[in-house]
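Alright, structures below, take your time with them.
You will see two complexes here that share subunit A, one where it goes with subunit B and one where it goes with subunit C.
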Partner chain A sequence: MVNKRYLARRFLLMVISIFTVATILFFLFRMVPGGPMSAIMSPRMTEAARQRVIENFGLNEPLWKQYLLYMWQLLHLNLGQSFYYGQTVKTLILDRFYNTMALMLTAFLISYTVGIYLGAQLGWIRGTSKERAGMLVVLLVRSTPVFWTGMIVLYVFAFKLNLFPLGGMRGVGAQYSGPVSKFLSVDFLYHLVLPVFTLCTYYTGLPLLLMRNNLLEVLSEDYIDTARAKGLTNRRILFRHAARNAVLPVVTAFAIAIGFAVGGQVLIETVFSWPGLGREMVKASLRSDYPVAQGAFLLLSTIVISMNFFADLAYTYLDPRVRLGGT
Partner chain B sequence: MRKMGAAGAAVGSVSIAGCSDQTNPDGGGEGTGTGSKNVESDLPEERKIGEKVHVSNTERYYAARYQANALVDKTFRDELGVPVQTKPVEITVLVSREQEGDFHLVTYNWTASNGDPDGIIYDRFHKNGSLNYYGFNNQRYNELAAGQRRETDEDARQEMVHEAQKILGEQRPENQYLYNVTPYAFNSDAIDPDSIVVNDKGLRNIWNYTQMEPTNENGRVVVTNNWDPSDQLNPLHLNAIGPSRNWTPTRFMHDFLFRPDPDLQMTPWAAKEYEYTDGTTLDVTMKEGMTFHDGESVTADDVVYTFNLIMETEPPAYINNVVQTTESVEKTGELGVRFNLTEAYAPYIALTLGMVPILPEHVWEQRISETGNEEAPWKVPVNDDMPIVGSGPFEYGTWDQASRFRMPAFKEHAFAAPNIDARVQNPLSTRDAEMEAMIQGDYILLDYWFGSPRQLSNTVDEQDHLSMVQNSGQGRQATWVNMERPPFDDVAFRQATNALITGVQPTIIEELYDGFGNEAISPINPTLKFWHNPDTPYFENGVEGAITILNDAGYAWNEDGELHYPEGKTGE
Partner chain C sequence: MSGETSSSVAHSEGEPSQGWRRFFENLRNSAREQAHIFAQSRMAVAGLVILIFYVVIALISPYIVPYGPYERIYTDAGGWAKLQPPSLAHPLGTTESAYDVLSQLLLGARIAMFVGLLGAFMVAIIGTTVGLVAGYYGGWVDEIVMRIVDVLYGLPFIPFVIVLVTVLGASVWNIILGISLLYWLSTARVVRSEVLTVRERPYVEAAEAAGASDFRIMAVHILPNVIPLAALYAAIAVGYSIVAQASIAFLGFGDPTIPSWGVMLQRAFVTQSFGTAWWWVFPPGLSITMVVTGAYLVGRGYEEVVNPQLQEK
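So, the complex of A and B:
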């Protein structure tokens, strides 16, 4: 059950957190050496032209004024215009955001589904040689740097076997009728296979280990013995009684992971030439493209903070014993 | 080439000493013999040369360049006793530090990339040059740099440019590491090798893309590794002009009155003929039958509109070459345009008419009005809903941001219709993937190659369907010194720096660049045959030559081998 006052308090806290993050981001990027003019200046631009650009970007105003303007625009959900691209940040980020989410959500959904299932199975067969072998494989894969796995996967399946594309999100000649067909076409799915497979090998480990460990605790509970005494099948005990209670921490991990998914996996995006938000965040930071960098990181922070909040709420529905904010 | 070694020229007030019989085997005393350091005891601490910062790209950004810097700095430290530290920074930080004068030495590749020497002679080294971050200010040089701009007689201008190089060679605000030689690969099964045109930009030049002959179906769509053009599809954008920018789509989708030919000579493109009626009036007649991609005719009205738009709104990228140089532009006929210059400006054809795309008035007028960018047309967005309409040999096709940009050939182009059907920029983010795309036939050619030239060369040797061409661009890799900070305010120290760098040049070229480079002496690359001065002076004999110059200028070393300023001079 959710206490309404608690809910309101948490919501307020969430807004304050986002405000704080926006403030920190604003000042943090301006402390980075370099500055936006270095990335966008044409080599033959005169000093007068340079000043004109600076004024046009509003960078000639005092910092406090820039900050107030930024916050005011933020309140109106206006993230500004990219210094480098000359496009609105919203358009720019959304374009890369969809690409990243298509990659990361697919990977997380598969990883958490497979991880929860395998984790439950491994927990159930604890102490057997199969479980030990399974754990060895899981720990090995989980400890392997994901970019390295990506490079090996790319090398084997794309470079050597020519089974999959070398990178990117779509083929040279692929045509789409609209944005939906773009993400549901065979061509797109074909490009998605290797990066998703690579991410899954890494991300499956966390839900699997969490699930396994939680299940071990749950299996020692009295109600499991009761279920056994009632003569229920192992499968029913595992999935209807044990797994449901063991899955709670995995839900939290999943919610947080979704939040971080927005940031993408910069290294995987680089290895597979995926035009996602993660790479754009790095590029924007290096170019001191403040509006894009701030917008992207703010989006990431907002989703992480929000997903934490929703994870708490999800708890109450998955486990009626949990009450948020007391009675 | 005019070498200036231990025996040499008098430059300004500094005499570059000849060889001396006095040698200094003990490393002490006041010997000034070639390569023998002038070692003194009890040198005051305030004369000791402190740490100098060499701002460099990171090794990840450009390995060979970083390593070349590290080699030069190590030679400074180990051989001359000058504590020069390599400071690798991100490219934006490097640019920013250079602009703020926060460096002692700074190194990168640079080219004006337009076939004209003005960007080097004036912008880089004239006292008012927009890129003169080094404090170089030489009276005679300033006269020459400003004079060559006004001199419309080519031979007279060449003479001035040559003399300017001579001064730069003696004064050494810039020390060249090498003239890069860049290899490019293409699929010779898909494209007829005889139809390939290489110029200073390698294969990504309009002559190549319009003349390439496909030999099979695969070659009809030329896929290349050029990166996302998102920052500059609007031809008035801040980044629309500049060699380091990805301006290929803009150059290909628009026509220009003039373009540099493969030999870098400016040649009429959309212009049919031209004539200077006096030093400040240029009449141009355009070719007949040209149309924009939407079928509308290209007329003198469009040229006049484009120039007036630029002069009225002053897009920052065009202030230098259009706003400041053009008084007015008027129509003299359906295809005739008169350009009235503010004053005689020799590079007008190359740097103005060769850089300004012809924009369709009927499209831009509407776009600017619809988007409310009357004051800043350089902010008009470009995307699939508002595509570029130009008249160049390639059209705007489709653009998946950060992923793929397709440019169909404009088969109706009046005089430069491409033989291929389309050009696609499909960037991959690693060099290995780019190379593999060439091997597997996904790419038809490489617009750029930032990996190891040797790796590319070896791959081409192993693959029957690949061929390689190489070219020396207009640029050079060089280190610039900050003449407002000692010891680089002293011409003798700069000359010693040049001698040191000349000494390590063969190692840089052969070891770090795998032989893909040529020895360099002047800021103007020999590719610009007409403008390059092969007699530009430079200083040789490496470390020994540097020691001789420093000895003669009064520098001294202590017993620990640390270099000290001449008597009476102190510094950082």
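So, the complex of A and C:
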């Protein structure tokens, strides 16, 4: 199994990371226009509510006490109240979190599968004009800003062809009995198509390029020559012998990919009016709903950090060489 | 005064400024060498042509634009000439607010190239310095620096810049600040691992034995070896920075008074005009794609020449 000391170290790093991010956020939001008060209190609050908030967040205390209190509240997952919705930030962002994950994980799964497959194929036909054309397409797609791709996709499939909805997550009048039926309903999947398609154009590039590069390295190994000499079919050599060994580093890149993914996610949620964390954060920042902006950022950051953690674990588990090293 | 210093450098061997002269000589020689290498890659030259094209547009656009970026165009009847399809007078049509698209597009190149080049410069400087110091000193310095890098990797870029802009105000400088704070991470990592191998080479040991200072070893003996790598990452950072700026502007956190490709797309999106006004939506997006591709080609083409292993593949 995975080295215990490594696991402990890696876990500690994750906790420190989240802690540091929370600290950076605390100090950044003390600097908002209008002072720290406006970061926590809505101008429309009643005097009694104002006093209660001052009490809760210790705004009349010195900065270090405020900081300790903030951390204490955070440990209890108390992120304050939204100015705009009047809900607690916790319930609000949890709801958005599921929507974000539904979109992101679907897109990720498809992109990784397609990317690894296409990358292997492109690596196999290296040096041909077909491969060069393929690489040019990949390069152009990767250079395209994802929100613009989203707009073009909407222009073609929603405005011109009228095939898919313009945005949002559910049709008018759609009702669900629970989260499971919601995420599996036809209506939901129908709304999912365009955002997932757009995100895939953005996500697929990284696994594809990595897979191709790794495959090129693997193809120069002796055992590939052996496989050829044995007279195996190309398909068998590629998928049974080469691709299996080339896929490992693509898994580690998962960590980097998630970091990128969150950025793309924010943009795509805005373009497709997807009620997720990213869009909520953008809207909250624009309407100075600081508790929500802060909470959404913290959660997005936590997604990145914990995904990094799991990617590292998966890597140690998959690659025995890392396990022996212990670091 | 300066004449004296230079002559004394020429005469005595052990003068400290000798190192500096050698450093700049090295730098000049390697720059010349690299330029020669660079010209061999068709990919890199093609990318460079694209970049230069947009830099030239950025420089001359204020003098050639037919209309001001926010100059309202009126129809003959006196109303706003809004959402006009391309015509002779307006080759790229007009926007929802009756502004000339072509003028905005040309002027938008200015902010894009500014952010792209300055962002890349910051990324290269910060990433190379951090990677160099961490890789050279090793030990606890390396440990601390790399842990900081690990922690910063946990900050998702676009949301982080949104926070920065919300707190510090919507300006291009804050976007560049965000780029400088977060985009150097992979450059630093790659430079560091390169430094780790370079510093084991015999001539570095020789320099150490000869009593060269740490700074001198880093600047004169190690830095020239990592410059190609830093250049590659800087080239890629040009593209990233431009996309970052456009994305932030698209989300509504850009400075709306300065015409930029991101703000153009944001307006087209917010007014929902992008469903009809293709002439307003395609040009800025294509321009971003072109510049980013160009920057990538420069970096990649150059790398393929520097690193012959890639060519064999």
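Miscellaneous remarks
Here is the rule we use: the second predicted complex is superposed on the first by the 271 of 327 C-alpha atoms of A that agree within 3 Å, B and C clash if a C-alpha of one lies under 4 Å from a C-alpha of the other, contacts with A are read in each partner's own complex, and residues count from 1 in each chain.
One rule holds in what follows: contacts are C-beta pairs under 8 Å (C-beta built on N, C-alpha and C of every residue); 3 or more make two chains touch, one makes a residue touch a chain.
Since we're looking at a predicted model, the values are computed, not measured.
Contact with both subunit B and subunit C is seen for A:159 once the two complexes are overlaid on the shared chain. Legend: residue contacts after superposition of the two complexes on their common chain; A:270 is shown touching both subunit B and subunit C. In the superposition on chain A, contact is made by A:262 with subunit C only, not with subunit B.
Contact with neither subunit B nor subunit C is seen for A:313 once the two complexes are overlaid on the shared chain.
When the two complexes are overlaid on their common chain A, residue A:13 makes contact with subunit C while staying clear of subunit B. Within the superposed three-chain model, A:50 lies in touch with subunit B and out of touch with subunit C [touch as defined at top].
In the superposition on chain A, A:278 makes contact with subunit C only, not with subunit B. In the superposition on chain A, A:287 makes contact with subunit B only, while subunit C stays out of contact range. In the superposition on chain A, contact is made by A:86 with subunit B only, not with subunit C.
Shared contact residues on subunit A (touching subunit B in one structure, subunit C in the other): 33, 154, 158-159, 270-271, 286, 288. Listed in rising order, the residues of subunit C touching subunit A in the complex are 147, 150-151, 153-160, 162-169, 186, 239, 243, 246-247, 250-253, 265, 268-269, 274-276, 278, 281-282, 284-285, 288-290, 292-293, 296-297, 313. Those residues of subunit B that touch subunit A in the complex are listed here as 89-97, 99, 110, 112, 119, 123, 130-131, 221, 223, 228, 230-231, 234, 237-245, 314, 316-317, 319-321, 324, 376, 378-379, 381, 400-404, 424, 426-430, 432-433, 436-437, 440, 442.
Contact residues on subunit A toward subunit B in their complex (touch as defined above): 33-35, 37-50, 52-53, 56, 81, 84-87, 92, 95-96, 99, 154, 158-159, 162, 165-170, 172-173, 269-271, 273, 275, 279-280, 286-288.
Against subunit C, the residues of subunit A that register as touching in their complex are 13, 16-18, 20-21, 24-25, 28-29, 31-33, 126, 139-140, 142-148, 151-152, 154-155, 158-159, 216, 255-256, 259, 262-263, 266-267, 270-271, 278, 281-282, 285-286, 288, 290, 293, 296-297, 300-301, 304-305, 308.
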